[in-house]
Amino acid sequence: MTDPVIEIRNLHKSYSALEVLKGVDVTAPAGHVVSLIGSSGSGKSTLLRCANLLEDSQEGDVIFCGEPVVWKGTGLHRHPGDHAQMIRIRTNLSMVFQQFNLWSHMTILQNVMEAPLTVLKRDRAEVEASARAYLDKVGIGDKCDVYPAQLSGGQQQRAAIARALCMEPKALLFDEPTSALDPELEQEVVKVIKDLAAEGRTMLVVTHDMRMARDISDHVVFLHQGLIEEEGPPEAVFDAPQSERLRGFLSVTQSA
Amino acid sequence: MTDPVIEIRNLHKSYSALEVLKGVDVTAPAGHVVSLIGSSGSGKSTLLRCANLLEDSQEGDVIFCGEPVVWKGTGLHRHPGDHAQMIRIRTNLSMVFQQFNLWSHMTILQNVMEAPLTVLKRDRAEVEASARAYLDKVGIGDKCDVYPAQLSGGQQQRAAIARALCMEPKALLFDEPTSALDPELEQEVVKVIKDLAAEGRTMLVVTHDMRMARDISDHVVFLHQGLIEEEGPPEAVFDAPQSERLRGFLSVTQSA
Amino acid sequence: MFSFCADPETLESVQWLACYLTTGKHMGFYWSFLTVLTLLAITAPLALIFGFGGAIAARSTIAPLSWFGKGYIAIVRGVPDIAFFLFFVIALDQGIEYLRHKIKCPDWPDTIRQGNDFIVCQAAKMPLGNAPQWVHETYGYFIAVFTFAIVFGAFAGNVLFGAMRAVPKPQIETAEAYGMTRRQSFWRIIVPQMWVYALPGLGNLWMVLIKATPLLFLLGVEDIVYWARELGGTKTPRFTDYPHGDWRVWYFLVLLVFYLAFTRLSEIVLDRVMRRLTAGQATSGGEAQRRAAA
Amino acid sequence: ESHSVVRMGTEGAYAPWNFINDAGEVDGFERELGDELCARAELTCEWVTNDWDSIIPNLVSGNYDTIIAGMSITPERDEIIDFTQEYTPADPTAFVAMTEDLDPANSVIAAQTGTIQAGYIADQGWTLVEFATPEETIAAVRAGEADAVFADQSYLAGAIEGQDDLIMLEQTVALGGGVGMGLRESDTELREKFDAAIQSMKDDGSLNELISKWEVASLFE
Amino acid sequence: MECLDTIADYGLRSIGIGERLLPRENFTLCQQFTLIGSGMLWNIYFGVLSLLAGFFLATAVALGKAARNPVLRKSSEWFIFIFRGSPLFIQFFFAYFLFLALKGQYPFFDPFTAAWLGALLVLFLNTSAYTGEIFYGALQSIPKGDIEAADAYGLSGWSRFRRVIWPTMLRLAWPAYTNEAIFLFHSTTLVYFSGFPAWQQKGDALYYASYFADKTFNPFVPYPILAGYFILLTLVIITLMGRIGARLNRHLPQEAKRTRFRFRPQLIR
């Protein structure tokens, strides 16, 4: 269980003038859950987006299951060079977006079934069964046939999670997967994530919920202003923070 | 401090066949913070949207500062009958949306200045100064001139909060105002809400964060399947829940 | 034009061409380019105003106004411009004169329709019967502009109506939640946001409008196509000093180049506008721009 | 009704009757004739060009006062507008083809859309192909799309002058009446003035002179 | 019924079936309605076929213009530019000219100088260019989140296009595309008006309308009849396209029902 599934090395990323990531290394071995914490705007979402190649980065490497992404060009013109590889990586790496990004023209069930059907070419009946099962699991089995605009925020978020799960990928990227969920559902999601880890799936989770980060993680990374300020097992990070910044960041949580 | 600013009586609301609110009463006296908790899909956002008349309700009353909303029609055709009254209520009642809903064609600063300028017709220079002050307060003073699409989730949420504050309304409606914020910022927002309450502003806050609900509220309402299952001061609700459902809902939070 | 043009038959080809291209007829041809360009310059904003009015009327909650707006958009849009031009201009002209007649000559004894004739009093003529030719031409020109604007206004109305509806609902809802009146949220949110959705359609309309200018001749305005046909046709020595065969291909090639160049120019301008509108927006256009800038 | 300025409507695309000259002005037989008639009737005249298709509706609607555009006097037209007496006798209709031996019944005949010539060919049951402009009818014969053009002799004579490949056939057909000036039916006063002027030109022979100068038709007896 | 006879005689006159000669005098309203209606067959023929075929070429051209491959992009751009940049009648003129020249060389091109094929081809290319540009514009305004989610799930190439991009593109393009469809039907009136010759007095609606206008000297009857037919045709197009458009937009919250009952006292808002 120690082969890294997701490995990010010395990643640099700028939005024109704004340098968001300034050389970040993250490694997630198979079956491990790595949490990314850090203040708003520190680059957590950007890191996830770079990991599945939605954003082009300017320097550094992304390695998925031992296979490094092939780049073309350099600096601001750098982009993934091997299309087939990119698809291969993405189908094995599902993402739950911070803004959910459900396809607004499809019903919830269609949203969940879409990628398994068209990308993985799985059998329709089987996919439908598993899609319904996942929707039930996240508690919105009764909302199969409505469109995203008719759902509450939490329901949309759960639909987005079901969509990612239904791909049955090797690794998952969660961008604040419980931001719109109540504590009960949050616990459900924590349970789901733990189950997935037990199945051997690898996860990168961005979260603002320290309790959840502590619950689920094998490893916690604290991102600050585009750099990793501190990282380690949850006990170390939360109970014995080394850096000034992390101590400040955590103090509000602990004190309350 | 006991005149109710927002008073909702026996509110019923359906989306065609789906009955979402089944007779809800909520009262928020001046300077009080009322929190709405409840599981995803229980109708919390809908209640807020009914309170500022974005959704038409089918039965019951909405009373703002002692002035009941004038209705026209009945049942599914019921809608507010007095346009001037509706505008008056809305300008005194600002909302922070769950999905932020920043105006995408305006920069952040323009977003914040828009309503004070066009609705309240306040002086431009003065509005700009106060807008910048509020943006600084929520920590995104440096993002004044970018468009919403260029912000991280948490930054967008903070912009939405600044926009609501800049209206300096009598009452505010917050729909999960900290869902995208890290604990540090969350504490900032809690502080802001407390300050507002001290200034005498009334607030209805939907939240999933029980700690925050406990921190800020004078009164907590637990919504379940379109009905109020239980309500009371935070100590009572959180420390001695009466109903089975609420106990279940809270157990996950407490146990962890 | 040139002094050596006195006897074209003796000229060499270059001089001949110089003389040929500067005949009074060619001057008319060149002038007509200006006519077409001014027509476009006036028609486009006018049509946009008509369209905007139509779209606002169609959105109105007052039933008669909404019917009027929708009727205008649907009916005028339904008639091919050629067919419209073939009878509407005469009808419009008669309508104007009829109104003027009612006002200026209230005690006119005869009926206006006498058999097939349409007769109004002299004072009601538009323009007056003794007005110089350029007044007649200008009047005809503005009638043409007006007709074009009515036709294209209906299409613009449709595009704008659609664009107004394409603005995401939450954006408008938010405005209302902040106490904006319908009017305010219309002008502050819908109108600025709709351009992104409207611009491709309006751009297309502009292209169609440019291409519709050859129909100007149906409205009594001598446009570039009229002159190209006239100049390009076979000319025998009896009626001209510059006889030639069927040169329509060459003249039409000139028109082709003109239209293509004008289109290119329009595209560049529209592109700039679109760029400004999509800057920083969460659409694939805005995204492509961001990536290109990177 | 008094006409301080008489607006003369013509087409400007039918040499030698009326056409636009190198200077861009209306020229031709009818220009010269019209100017002379106005001078004799002591009228101030102004020339206006208009598309053939809407030339009658625009007259009736008052956009100009006369039509002087090689228009044959036919009973149908006479029902809508009034005509002066004819200023040229009927002009025969002729064929132009690439070869002498043309059998119209087994050939494709080109004519301008909607003209009496087109109607005549349809009546005969010959194969008719219609083009929007007279120019295109001649081009069609040259391109082999049609075997012959059927149009006014005076127009064809002008159009094929100096073009060796095209031949005017002997055979002609008499279609329509003489050519006159069209006016609104209510405009009797003006019609009488022009009638008188035409009569005076016929009487002193200046009309025949003009006709033979421009070769538009046969002469008046 | 006299009029039924007229319809029997002239109803299909535009395609050469029925009475050989057109009416010559005593024109009745019935004749005008029948013949102009008969001519509409050609307008519909040209419009429907070029619209259907154009839809596919337009999609390809729009994708080509959005493509990274410079050859694809440039050729699509030029195609759109040429056909969108020049008036239709100039295209007709040059096409007819070209077909005539080709016909002289290769017998294969014999039918191309006839309107039913030649004009159809030109209209097809013309509408493809206009529609291609509309589709391209719509491609540019697809919400970023939709595409990102597709990318993230490994949807690529054809399936990403067909399942996510295409439906959204169509939805955004629909109002403008409806306009284009209407324009196309309107431009079919140009075929015989200036472009291709009419054989044996078989022409489209405008051909017969101007025939009557020419014979009766009264533009106020035949052209409004023509206009009426086109308004009907346009209403059919709007209805059909509206149905499809509603289907494309079915995921949006149904707001109309609720607002219908509101009366707002402002005249303009």
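Per-chain numbering from 1; labels A, B, C, D and E assigned in written order.
Throughout what follows, a contact is a pair of C-beta atoms (placed from the backbone, for glycine too) under 8 Å apart; a residue touches a chain by one contact, two chains touch by 3 or more.
In this text, all values refer to a predicted model and were calculated from it rather than measured experimentally.
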Checklist entry - What pair of chains has the most C-beta pairs in contact? => result C-E
Next on the checklist: Centre to centre, using CA atoms, which chain is the farthest one from chain B?
Outcome noted: D
Checklist entry - In whole angstrom, how far does the Cα centroid of chain C sit from the Cα centroid of chain D? => result 33
Checklist entry - Centre to centre, by mean C-alpha position, how many angstrom separate chain A and chain D? => result 83
Checklist entry - In whole angstrom, how far does the Cα centroid of chain C sit from the Cα centroid of chain E? => result 20
Next on the checklist: What's the distance between the Cα centroids of chain A and chain E, rounded to whole Å?
Outcome noted: 48
Item to check | Set of chain C residues in contact with two or more other chains | outcome: 86, 90, 116, 181, 196, 248, 282, 286
Next on the checklist: I need the residues of chain A touching at least two other chains; which ones are they?
Outcome noted: 15, 99, 150
Checklist outcome for this item: Residues of chain D that touch two or more other chains sit at 53-54, 57, 60, 80-81
Item to check | Residue ranges of chain D in contact with chain E within the complex | outcome: 53-54, 56-57, 60, 76-77, 80-81, 110, 113-114, 118-119, 122-123, 125, 127-132, 136, 140, 143-145
Item to check | chain B-touching residues of chain C, taken from the complex the two chains share | outcome: 170-171, 173-181, 184, 188-189, 192-193, 196, 279-282, 286
Next on the checklist: Using the touch definition from the top, list the residues of chain A that touch chain B in their complex.
Outcome noted: 15, 37-41, 45, 98-99, 139-140, 150-155, 158, 176, 179-187, 208, 210-211, 215, 248-250, 252-253, 256
Checklist entry - Which positions of chain E touch chain A when the two form their complex? => result 143, 145-146, 148-156, 159, 162-164, 167-168, 171, 248, 250-253
Checklist entry - In the complex of these two chains, what residues of chain E are touching chain D? => result 20-22, 24-25, 100, 104, 113, 192-195, 197-201, 203, 207, 210-211, 213-215, 217-219
